[in-house]
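These are the structures in question, set out in turn.
The same chain A turns up in both complexes below, where it pairs with chain B and then with chain C.
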Partner chain A sequence: MTRLRYVYAVCRPFRTPLQAQLTGVAGAPAALLHHHGLVAVVSTVPEADFCEEALKAHLEDLDWLAATARAHQGVVDALTTVTTPLPLRLATVFRDDSALRSMIEAREDDFRRLLDRLDGRVEWGVKVYLEPEPEPAEAEPVAAARPASGRDYLRSRRERSHAQEERWQRAERFAHSLHGRLAERAEDVRLHRPQNSAISGTPGQNVLNAAYLVPRAHSEEFVELVDRTKDEAPGIRVELTGPWAAYSFSGEASGAQDGAEAGAESGVHTGAESGEGPGVGR
Partner chain B sequence: MTVVERREIALVDLLDRLLAGGVVITGDITLRIADVDLVRIDLNALISSVNEQVPSPFEEP
Partner chain C sequence: MTTPNRFPEPYYGGQGSGANLADILERVLDKGVVIAGDIRINLLDIELLTVKLRLIVASVDKAKEMGIDWWETDPALSSRARRDELARENAELRERLARLEELEPGRAPKEAP
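Right, the complex of A and B next:
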């Protein structure tokens, strides 16, 4: 069976050995490939599952996607204990070591620049949710919940939607202010699309889904800051995830070339006059 | 400080990072995964899997 090379991350050489039983996707052990002063962390995967056609089909299979994503994350997470890895996107596959070496040669300047920028930093994820609306109708007798007429019905519907709008605006203002405070403590910021609660299975509406690049040395302070805000606003929930390898800061849009854009972006969020919240969508 | 529990990572949080983040490699490789609209694919997969287990929220209780 033909084997391909699945690559998890690129790192600078590190001294601490990887865990002996560290397995990657498809259960094969992770290995290191040194080239041009960089290290690619790889494992072999069967071509039958990772050739382009097979991969396209597999990616629509939730169980396969979940298992592959968790295995990928497992290797990257193990790397974060010994170095600062530059994580690659899911399912980055090469035909053989020689193709992998050519890629490293072609991209080595990018890799070094990103590795320098991320060295000693981690990513923290912060999500803000508007909690599901309490249902006053449930507390009332069933008869009272039934509108007496069409006009009553329309009025109560208007009132409900007005209250909902106010709650939404309050959540947006909170997310905006929290994001401003967190961005001040972070070196960089990425806004992910708010998550759909049907997909995440999380109660409430996600109004902010952000990632912050924070030096490891300042992480405790950052986490404390998030913790302190948790009880600030009733009806709003804040969730922290991490520390992650800097996935959100390794993509195409990352790097020195968009530093100005990122700066301008965080500037907008600290401006209280701006009506739009950060990454806020419905 | 309150210690933040490290529960099992939610798949959506992972996919936000693994499908939208990470270094994208293009060029002399077997796969051009960047060409695939992964976000759409994963959302379709997730939505269809959710729909199998969860009744539609639009149905009357």
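Right, the complex of A and C next:
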């Protein structure tokens, strides 16, 4: 069976050995390929599953996609504990080592620039949710819930939607203020599209879905800051994920610098991979 | 959630983890360095896919519970739907071919002797 090379990440050489049993996609062990002072983290995958046709079909198979994404992330995650990896997008595949070496030669300047910029930094994900509306108290008399007239009905409906609007605005204000405070502690920020929580199985509405680039040395502080905000606002939930490899900051090398400055100062996303701002998740 | 004493202590995958599959896919499909490998995947296709996936990946079962299953019949998202569609199209073409052959028996394809 023909074998292909799957690449997870590019790093600078690192001393700490990878965990012995680190397996990547399709269960193959991850290996290192050194070239031009850089390291590509690779594994071997069967062509039958990773040729163009097969890959196209697989990417539409949610189970396959989920398993592959987790395996990809697993390797990148392991790298994050020993170095600062430049994570590649899922399913970056080469015919053989020599094709991979050529790619490294072609892109080495980009890689070095990005690696310098990300060195010693990790990504933290912060999501803010507006919790589902509390169920009406059971003690509430049934009569009160039943409108006496059409006018009463319209009024109570208006009040309900007004209350909902207020809750939403409060969540947006909270998300905005939290984002501002976190952005101050981050070197760069990215706003991702809010996740569709109704279907994601996560309760509540996702108001803010953001990524922050934070030096490792300041991460503990950053995490504490997020933790402290958790009980600040009733009806609002804050979720922290990470530390991730700096996926959200490994995109287009050009424009990344602008994003770093403008993002950190104003808390406004300026990167090319534009998510929408807080508040578009409903 | 606990505060890590020592760095790094991953939050995802651990207790009280906030990272779901959507978080992972969001990153591995949408972010990260883009390199054109030897196996060309149309990123535009993938991005289109992820826009739709974003809606459904995190919990397919949950979505199904809610009666949201449109992707199962969307050929762009479901290989089963695509197979069904191919089969349907195939049957339709066969039928049309048969009709044409009936209409013009003389022009029906003949095996070479």
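In this text, the second predicted complex is superposed on the first by the 241 of 282 C-alpha atoms of A that agree within 3 Å, B and C clash if a C-alpha of one lies under 4 Å from a C-alpha of the other, contacts with A are read in each partner's own complex, and residues count from 1 in each chain.
As a working rule, a contact is a pair of C-beta atoms (placed from the backbone, for glycine too) under 8 Å apart; a residue touches a chain by one contact, two chains touch by 3 or more.
This structure is a prediction, so every number in the text was calculated from the model and none was measured.
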item	value
Which superposed partner A:H72 touches (first chain B, second chain C, both, neither)	both
Partner chain(s) touched by A:W244 [first = chain B, second = chain C, both, neither]	both
Touching partner for A:D227 - first (chain B), second (chain C), both, neither	both
Which superposed partner A:S102 touches (first chain B, second chain C, both, neither)	first
Contacts of A:H192 with chain B and chain C, given as first, second, both or neither	both
Which of chain B and chain C A:L55 touches, first, second, both or neither	both
Which of chain B and chain C A:V93 touches, first, second, both or neither	both
Which superposed partner A:V10 touches (first chain B, second chain C, both, neither)	both
Chain A positions touched by chain B in one structure and by chain C in the second	4, 7, 10, 50-52, 55-56, 59-62, 65-66, 69-70, 72-73, 86-95, 99, 103, 107, 111, 114, 125, 192-193, 195-196, 198-202, 220, 223-224, 227, 240-241, 244, 247-248, 250-251
Touching residues (chain side chain B, partner chain A) in the complex	1-2, 4, 9-25, 27-34, 36, 38, 41-50, 54, 57
Chain C contact footprint on chain A (complex, rising order)	4, 7, 10, 50-52, 55-57, 59-62, 65-66, 69-70, 72-73, 77, 80-81, 86-95, 99, 103, 107, 111, 114, 122, 125, 127, 192-193, 195-196, 198-202, 216, 219-220, 223-224, 227, 239-244, 247-248, 250-251, 273
For the chain A and chain B complex, residues of the former touching the latter	4, 7, 10, 50-52, 55-56, 59-62, 65-66, 69-70, 72-73, 86-95, 99, 102-103, 106-107, 110-111, 114, 123, 125, 190, 192-193, 195-196, 198-202, 209, 211, 220, 223-224, 227, 240-241, 244, 247-252
Contacting residues of chain C [partner chain A, same complex]	1, 3-4, 7-8, 10-12, 17-35, 37-41, 43, 45-46, 49, 53-60, 62-63, 66, 68, 76-79
